[in-house]
Amino acid sequence: MTGRRSAPVGRWAIVAVCIAFFAIPLAALAVFSFTSGSGWTTAAYSAIVRDPQFWKSVGLSLLLAVLTTVLSLLLMVPTVLWVHLRAPQYRGLIEAITLLVFAVPPITLVIGASGLLLGLVPKLLGTPLILVPFYIVLSFAFTFRALDAGVKSVDLQTLVDAAHSLGAGTASTVLRVILPNLRTAILGAAFLTITVVLGEYVLSSLFLYNTLPVYMADVGTSQAQGAAALALITVLFTWLLLIAVSVVSRRLGGERVGTMIAST
Amino acid sequence: MDPALSSLTRCRSPSVHLRGLDAARRPHQGDAVGSDLTRRVFLGGALTLGAVGVGALTLEKASSANAPLDVPAAPPPMTAADLPDLIAAAKQEGRLSLIAMPSTWANYGQIITAFEAEYGIPVDVQSPNATSAQELTALRLMRGQDRLPDVIEVGPAFARQAVAQGLVQPYKCIAWDKIPADLKHPDGMWTGSYYGLISFGVNTNRVPDPPKTWAELTKPAYKGMLATNGDPRQANSALNAVWAASLANRGSLDDIGPGIEFFGKLSRQGNYIPLQANVGNLANQQVLIALDWSFNMPGAAGVLAKSGLTLTAAVPADGVMGGMYCDAISNGAPHPAAAKLWIEWITSGKGALLYLDGGAIPALYPQFVAQGIVPADVQAKLPSINELKALHFPTMDQTAKASAAVGAQWNRAIA
Amino acid sequence: MESGDRVKRRLPGWIGIAPFLIVAFLFLIWPAYAVVLQAFKDADGGFTLDNIATATGPQYRDAFLTSGLLSLATALIGGVLGTLLTYAVSTLERPRFLKSAMSTFSGVASQFGGVPLAFAFVASIGSAGLVTALLAKIGINLYGTGFSLLSFSGLVIVYLYFQIPLMLIVMTPAVEGLRASWREAAEGLGASTFQYWARVGIPLLTPAFIGGVVLLFANAFAAYATAQVLTSGSVNLVPIQIGFFVQGNVFAGNSGVGYALALGMIIVVSLALLINILLQRRVSRWTS
């Protein structure tokens, strides 16, 4: 009993050590990005902002992130709902497939892709949009876990039965009963997908598209400070974005998105 | 197991000790079923995969999109009289699409800008840091699209592959006959427009006493300073650096072994670090001595100069290794005339001379010297014409053998 | 009940998951299958076992061993530290923003990799890094001890940056599922803290822990960009070897060996994931 009453020193120590471990490299990045041969300067940052290729890459990455998230949710939310309500025997199969992503090295996906895709969708292959289905697949594990956890924490069957007994049709049930209850799970899934897309390097460089991580790597071969500045900007921007939506979501009455992300 | 908890679970077994698949066989409400379904799923999956696999393979073979393209026949040899028509046709096409040409590599930044200024044809370079393998992948993936690069530049081993797979088309430039035999493909499938020598690029601010030979690299003073431009199994330049070290240690173009051992020794001493000697790492002084192509040095020196650092480059006296890259026009290039004009620019046009500013030696260097258009100070920095004539590039087979040797032995040597 | 509902009831179960299966097939299963097929093709497209034979050579066995060790080390260390962190974050009540901040940060950090991550560590514990310099000021010569960021141990530290957050993401539902009421019930029955953990807490957390460790293992095994930027090949890892054959400037015409290595990777990681699935089933049974 006494262990619980006294100050949780052990837990504080762990948290402090981990925070230090995560913060120090970011701090070093910051310091490095502001230094040059002779003192402090924001030259790295201004060089990035003035580079049109930077804005193109940011635009491309954000576009891909939004498309991937929307399409991924359109695909996964109905799938998860269906599995839970109508076909629970397939849940294991779907989970297995979502984890299969970790087994195949992305660097080799291109060869499989090129053969079949060249035959089926050559036009799509010419645009960055070809990355979207691959990104959806890459984020399978995260979206499925987030939505699955969310659905499990809500007694879906009861909700559906209640809605039906009150006379709601399928569409109303889904839109006005189920989805609002899954709001934080959906947001959690969305944000993990966004972080996956914004951090994905291998496939974009294989297909030779200049997304933000590819741009960062290119900058890194010639200007280390620029790459450091970019890395810092990306991490902080993504993190602040997640926090902002977490706060907004809580104001709107849901759980914190942060909690939902961690519940995947 | 604590009795208070067993009521909180739906497991019907009174002894709650988890027994794996036994527990799984009991039907649970809404739960994933265990081994029975798993077996069915795997069996079904395997059969489906087999059937679909066969089907898709047949589809792939039959799909015309995957058939190798026919390679156009060689056009008649270009003469100087054809040049104005070519320029007009290129301008008509309106753009040139290149790939994998960093601006600090062999002065391509300036060569491209000068081309744009001379002919008014905009040039765009996709993926400047793409590897040779990626260039070939691009040719396959972008077939039939406007994004297909017009000209590729790859290492000789990859040029051989590109030819075998019908990815490039033949073109013999105006100066074809004057280009040495080992710098061109016999049927015109590619041209080696320039070559370089492995040299030492030294940050003289931090290293006041630069090494002049391979043997000197083992000095303790150079601890933690040496790097190649990548791993020799990944980067052509690094492979040639190891080869040059081999030549300096009684190896030969047929035997890269002594070079691997030498680098192993450097690594054990701590002189050789596994960081990549690219412009970024040179600029932030993580790498102080770069063992890289001579045509990467001036570009890096320019970037270092912006921070007040000096990079001096010199070819080591005891192991001289030359290497070239092959330029080829892609099969199905969207802008073929512009592509041909580009080849002219870098073989006998002003672009070829700009190679010299980048530390690269253009294919027609002896002719340029004879014409007197190479400044004396530039000539002084390069080996003499006779020395260059005596330079041998490795054959395809020697390269294959060397890369196989490195692939097998490098890791053990460096570990 | 509406007629639409009755129609829906007659639809077979697999219809609803068909779109998912189609996407998964086209963009994951078929490419993976094609990779496996490529492992058996030679340069002209004919069938050969040579690639497999080459891929079992000593330097590649070394690579699998090193990759396996690196993945196991980061999975175990990351797993333990991540679990401890999760428990700490979940149960600490102050500051109140801690849980939210840590979980949002973990969402970002678990995807942090490649060039940005490598640069961050080079800037801190590289030979010219901030931390290295600070340590030197207080008299500790970090690199003098033989440590180097560009080595196996350096990679372990760098990989932990995304492994620990990933573990946090995985373990949070399990830790949160340890309901306080159970602990109170256990204490009410006279159990000590140690007994609580030994008989209730740890057994309940173990399946999720093992599943998380396996996931971390797979994640580390497949990581390519980070190792490539930091060591460019001096640490013998399987994804990097694959890169030499499939995306390099030296090896041409024998990409089949790269695919054979990829096949090996698929087998190794699939086995690990199979364990994960079997164990995850137990978790859902306990906490549902």
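Here the chain labels run A, B and C in written order, and each chain numbers its own residues starting at 1.
As a convention for this text, a residue touches a chain if its C-beta (ideal position, glycine included) is under 8 Å from a C-beta of that chain, and two chains touch if they have at least 3 such contacts.
A quick note: this is a predicted structure, and the numbers were derived from the prediction, not measured.
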Chain pair that, of all pairs, has the most C-beta pairs in contact = A-C
Ask   = Which chain's C-alpha centroid is most distant from that of subunit C?
value = B
Remark   = subunit A and subunit C have mean C-alpha positions lying a whole-number Å distance apart equal to 16
Query = Per the centroid of Cα atoms for each chain, what is the distance between subunit B and subunit C, given in Å?
reply = 30
Request  = Can you tell me which residues of subunit C touch two or more of the remaining chains?
outcome  = 29-30, 33, 243, 246-247, 255, 281, 284, 288
Remark   = So subunit A residues touching two or more other chains come to 89, 92, 95, 110, 115-116, 206, 217, 220, 224, 227
Set of subunit B residues in contact with two or more other chains = 31-32, 56, 134, 276, 284, 286
Query = Quick one: in the complex, what on subunit C touches subunit B?
reply = 25, 29-30, 33, 37, 43, 57-59, 62-63, 122, 126-128, 150, 182, 185-186, 189, 191, 199-200, 207, 231-236, 243-244, 246-253, 255, 278, 281-282, 284-286, 288
Residues of subunit A defined as touching subunit C within the complex = 1, 3-4, 8, 10-12, 14-15, 18, 21-22, 24-29, 31-32, 75-76, 78-79, 82-83, 86-87, 89-90, 92, 94-97, 99-113, 115-116, 133-134, 136-137, 140, 149, 152, 164, 169-170, 191-192, 195-196, 198-199, 201-202, 206, 213, 216-217, 220, 224, 227-228, 230-231, 234-235, 238-239, 242-243, 246, 256-259, 261-264
Query = Contact residues on subunit C for subunit A in the complex?
reply = 1-2, 4-5, 8, 13-14, 16-17, 19-21, 23-24, 26-35, 38, 81, 84-85, 87-89, 91-92, 98-117, 119-121, 123-124, 129-131, 160-161, 164, 168-170, 172-173, 176, 187, 193, 215, 218-219, 222, 224-225, 229, 239, 242-243, 246-247, 255, 258-259, 262, 265-266, 269-270, 273, 276-277, 280-281, 284, 288
Request  = Could you please specify the touching residues of subunit B with respect to subunit A in the complex?
outcome  = 30-33, 37-38, 41, 56, 59-60, 63, 65-66, 99, 102, 104, 126-130, 134, 137-138, 140-147, 276, 278-281, 283-284, 286, 303, 307-309
Inquiry  = List the residues on subunit B that touch subunit C in their complex, please.
reply    = 1-2, 4-5, 8-11, 18, 20, 23-24, 28, 31-32, 34, 49, 52-53, 56-57, 131-134, 155, 157-158, 160-161, 164, 224, 230-236, 239, 273-276, 284-286, 403, 406-412, 414-415
